[in-house]
Amino acid sequence: MLSQEDRFNKGIEALQQITGNEGQQVIDSLGDISPDIAKWIVEFAYGDVISRPGLDLKSRQIATIAALTALGNAQPQLKVHINGALNVGCTREQIIETILQMSVYAGFPASLNGIFAAQEVFQERDAS
Amino acid sequence: MLSQEDRFNKGIEALQQITGNEGQQVIDSLGDISPDIAKWIVEFAYGDVISRPGLDLKSRQIATIAALTALGNAQPQLKVHINGALNVGCTREQIIETILQMSVYAGFPASLNGIFAAQEVFQERDAS
Amino acid sequence: MLSQEDRFNKGIEALQQITGNEGQQVIDSLGDISPDIAKWIVEFAYGDVISRPGLDLKSRQIATIAALTALGNAQPQLKVHINGALNVGCTREQIIETILQMSVYAGFPASLNGIFAAQEVFQERDAS
Amino acid sequence: MLSQEDRFNKGIEALQQITGNEGQQVIDSLGDISPDIAKWIVEFAYGDVISRPGLDLKSRQIATIAALTALGNAQPQLKVHINGALNVGCTREQIIETILQMSVYAGFPASLNGIFAAQEVFQERDAS
Amino acid sequence: MLSQEDRFNKGIEALQQITGNEGQQVIDSLGDISPDIAKWIVEFAYGDVISRPGLDLKSRQIATIAALTALGNAQPQLKVHINGALNVGCTREQIIETILQMSVYAGFPASLNGIFAAQEVFQERDAS
Amino acid sequence: MLSQEDRFNKGIEALQQITGNEGQQVIDSLGDISPDIAKWIVEFAYGDVISRPGLDLKSRQIATIAALTALGNAQPQLKVHINGALNVGCTREQIIETILQMSVYAGFPASLNGIFAAQEVFQERDAS
């Protein structure tokens, strides 16, 4: 059984591997208003869930991009995870294919708004 | 440019590879009420979208399972695609991991209902 | 300004014109648990909103079928309103077209589940 | 049975108690485009529903914040109701706890976006 | 059976009739990032689905406005289709009535945000 | 900092206080298919989140009922939490009021389906 400290350390490692500085900035921005949700994102979301074996990180990011595109109400988080997918080795093509496929399962407006999120992320990366 | 006939043939091939008889039964059940949506599922969803290169079929099924678990309003289609994921070579563990990850992005009720869908599919396969 | 009694009477009239006995049964079934929501459905939903001029009843039913198909989490109400559309003169074809169109805006699973709801309603009407 | 005038007066009273000037501004902004929805918000939403006995105003605001955080597609209204919760005596801690709890029922992106809405409201109140 | 070229031509015709230049601009903006979704919008959404007989274009736009208002997560597309409804002959009153009706089926926040989208579209048209 | 064992114990205590045997049965039913989600529900959902001070248990259940009624895609979990609300001291009237209020924020179909869930729970409790 992992200690709390282990969960936190595993979570921070996964957070940084996937989201780089961007995730850390979200965590930091939560420090004043709700340090607890920041802690849960690290310990639970990244430490308990996302760093589990059994599904590789690329597939995990594809699953997240699919879900956030389909739900369509979390555009900032979708952009973080498009960056995250690129950070763990997904190609731009794989990301676009995932978003395009959501036209079948969640309709064209959801898919279009996902494509525009990807376009912004790709342009930001090309610019920097 | 593909002819309509090519799209249909590509779609049927992908439909059968992924969903086996189950997808065909859905298609057949639509014949009286709306043959057009059946045709679109084959030609557009499977022929144009899902059979594209650029993302392997396992990743495509993971994306679909993630989205349908998160949306939570299409339980019959989620079961079809859990079967589909197994048919194209995903392991049970990969499917469960994808659904578990949705607890982070869409909450525990959505994830729980996805787990119960997987449980039903696995039991049906074990029984047959 | 309409009196409460006028709103109720207008609402009951619209409710019966659109939903026939089916709406009345829903209203009656609510009598023990929550007579207030039954009153609001009659006075507000049907009396204030749906019986307004400015959009004909057929178009109102098409709007409702589109929304409930897209949301995908209110199957019993979708069936009531497919019946309602038929009761105010929409054709089966118009209903099916509305539901099919949702494949574009809300994805195929939502549209498919709408088609199956329509299939059940049409079969029930054919049987009686 | 309440007259229409009674409903309107009860509604305006509840609207002002909960939303202060902010709700009135929304009502006013609707005057040109759709005075009817403004009237319904006062008479139905605030007059018929929210001013009912049986649940205190603090609990009603907690319910609204929970729902709007979970749905995640009505950020301006969520901010109005975070202000409303403070206006009727909820503490900032109670509001944050309600939003945090949505990480369990609707996932972290919905909860995070709710936290950011609360942060904006709190900062606006601190600044004025 | 229509050829691909026929589908594309039918789609472009419907796209221009409904969305005028606005739809074409969306299509053009997709050219770099994903020409395929642009092609599908023309061939599948407008060519296969929306240009079908069986439901007139005014009713189709009312269905789309209802669905996008209810879903509440596709504000840019809602504005395109409010314009589209006006382009095919719907009155402003019919559009407002459709959006108002969504207060019954998807709640007041969804309906309010739809009204604000309509207000923006009407003001843009009045200004030009 | 709590140890894992503390989190589990706190979670089990909250789970039993709120859901009685019903929650335990859900946990047990998950043992074969996914013991991990069961563990997370106990440790994270009930141990980390729901047993926090800062919001009393009655208000927490009202928040959960509001959210699940509004989302409308987790009927089994809604029933568990209506029971949970009664278990921690909410009155039937408070539960009904919470669900009725969702007619304003998520529309009548969501509210109606919540009322029917409450009706089932109340009848089951009256029968036993």
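In order of appearance the chains are A, B, C, D, E and F, and numbering begins at 1 in each one.
Going forward, a contact is a pair of C-beta atoms (placed from the backbone, for glycine too) under 8 Å apart; a residue touches a chain by one contact, two chains touch by 3 or more.
None of the values given here were measured: they were computed from a predicted structure.
*Asks:* Show which chains lie in contact with chain B and also with chain D.
*Replies:* Both-contact set = A, C, E, F.
*Asks:* Chains shared as neighbours by chain A and chain B?
*Replies:* Under the touch definition, chain A and chain B have C, D, E, F as mutual neighbours.
*Asks:* If you average the Cα atoms per chain, which one ends up farthest from chain C?
*Replies:* A
*Asks:* I need the pair from A-B, C-E or E-F whose contacts repeat those of B-D. Over half of the residue-number contact pairs should coincide.
*Replies:* Among A-B, C-E or E-F, the interface that shares over half of its contact pairs with B-D is E-F.
*Asks:* If you tally contacting C-beta pairs, which comes out ahead, D-F or B-C? Let me know.
*Replies:* D-F
*Asks:* Specify the chain most distant from chain E by Cα centroid.
*Replies:* Between chain E and the rest, the longest centre separation is with F.
*Asks:* Is the contact between copies chain E and chain F built from the same residues on both sides or from different ones, judged by whether over half of the numbers are shared?
*Replies:* Homomeric contact, same residues on both sides for the most part.
*Asks:* Find the geometric centre of each of chain C and chain F from their Cα atoms only, then give the gap between the two centres in Å, rounded to an integer.
*Replies:* For chain C versus chain F, the centre distance works out to 30 Å.
*Asks:* Would you mind pulling out the distance in Å between where the CA atoms of chain C average out and where those of chain D do?
*Replies:* Centre separation, chain C to chain D: 28 Å.
*Asks:* When the C-alpha atoms of chain A and chain C are each averaged to a single point, how far apart are the two points in Å?
*Replies:* Computed value for the inter-centroid distance: 39 Å.
*Asks:* Scan chain C for residues touching two or more other chains and write them down.
*Replies:* 36, 40, 44-45, 49, 52, 68, 70-74, 96, 100, 102-106, 108-110
*Asks:* What pattern do the touching chains form: line, ring, star, complete or other?
*Replies:* Graph shape, chains as nodes and touching pairs as edges: complete.
*Asks:* Touching residues of chain A toward chain B in the complex: what are they?
*Replies:* Touch list, chain A to chain B: 44-45, 49-50, 52, 54-55, 58-60, 62-71, 74, 93-94, 96-98, 100-106.
*Asks:* Where on chain E does chain D make contact in their complex?
*Replies:* 71-73, 96, 100, 103, 108-113, 115, 118-119, 122
*Asks:* Any idea which chain E residues touch chain A in the complex?
*Replies:* Interface residues on the chain E side: 26, 30, 32-34, 36-37, 40-41, 45, 68, 71-74, 76-77.
*Asks:* Considering the complex alone, what residue numbers of chain A touch chain F?
*Replies:* Touch residues, chain A against chain F: 1-5, 36, 40, 44, 48-49, 52.
*Asks:* Please give the residue numbers of chain D that touch chain B in the complex, ascending.
*Replies:* Its residues touching chain B are 70, 102-110.
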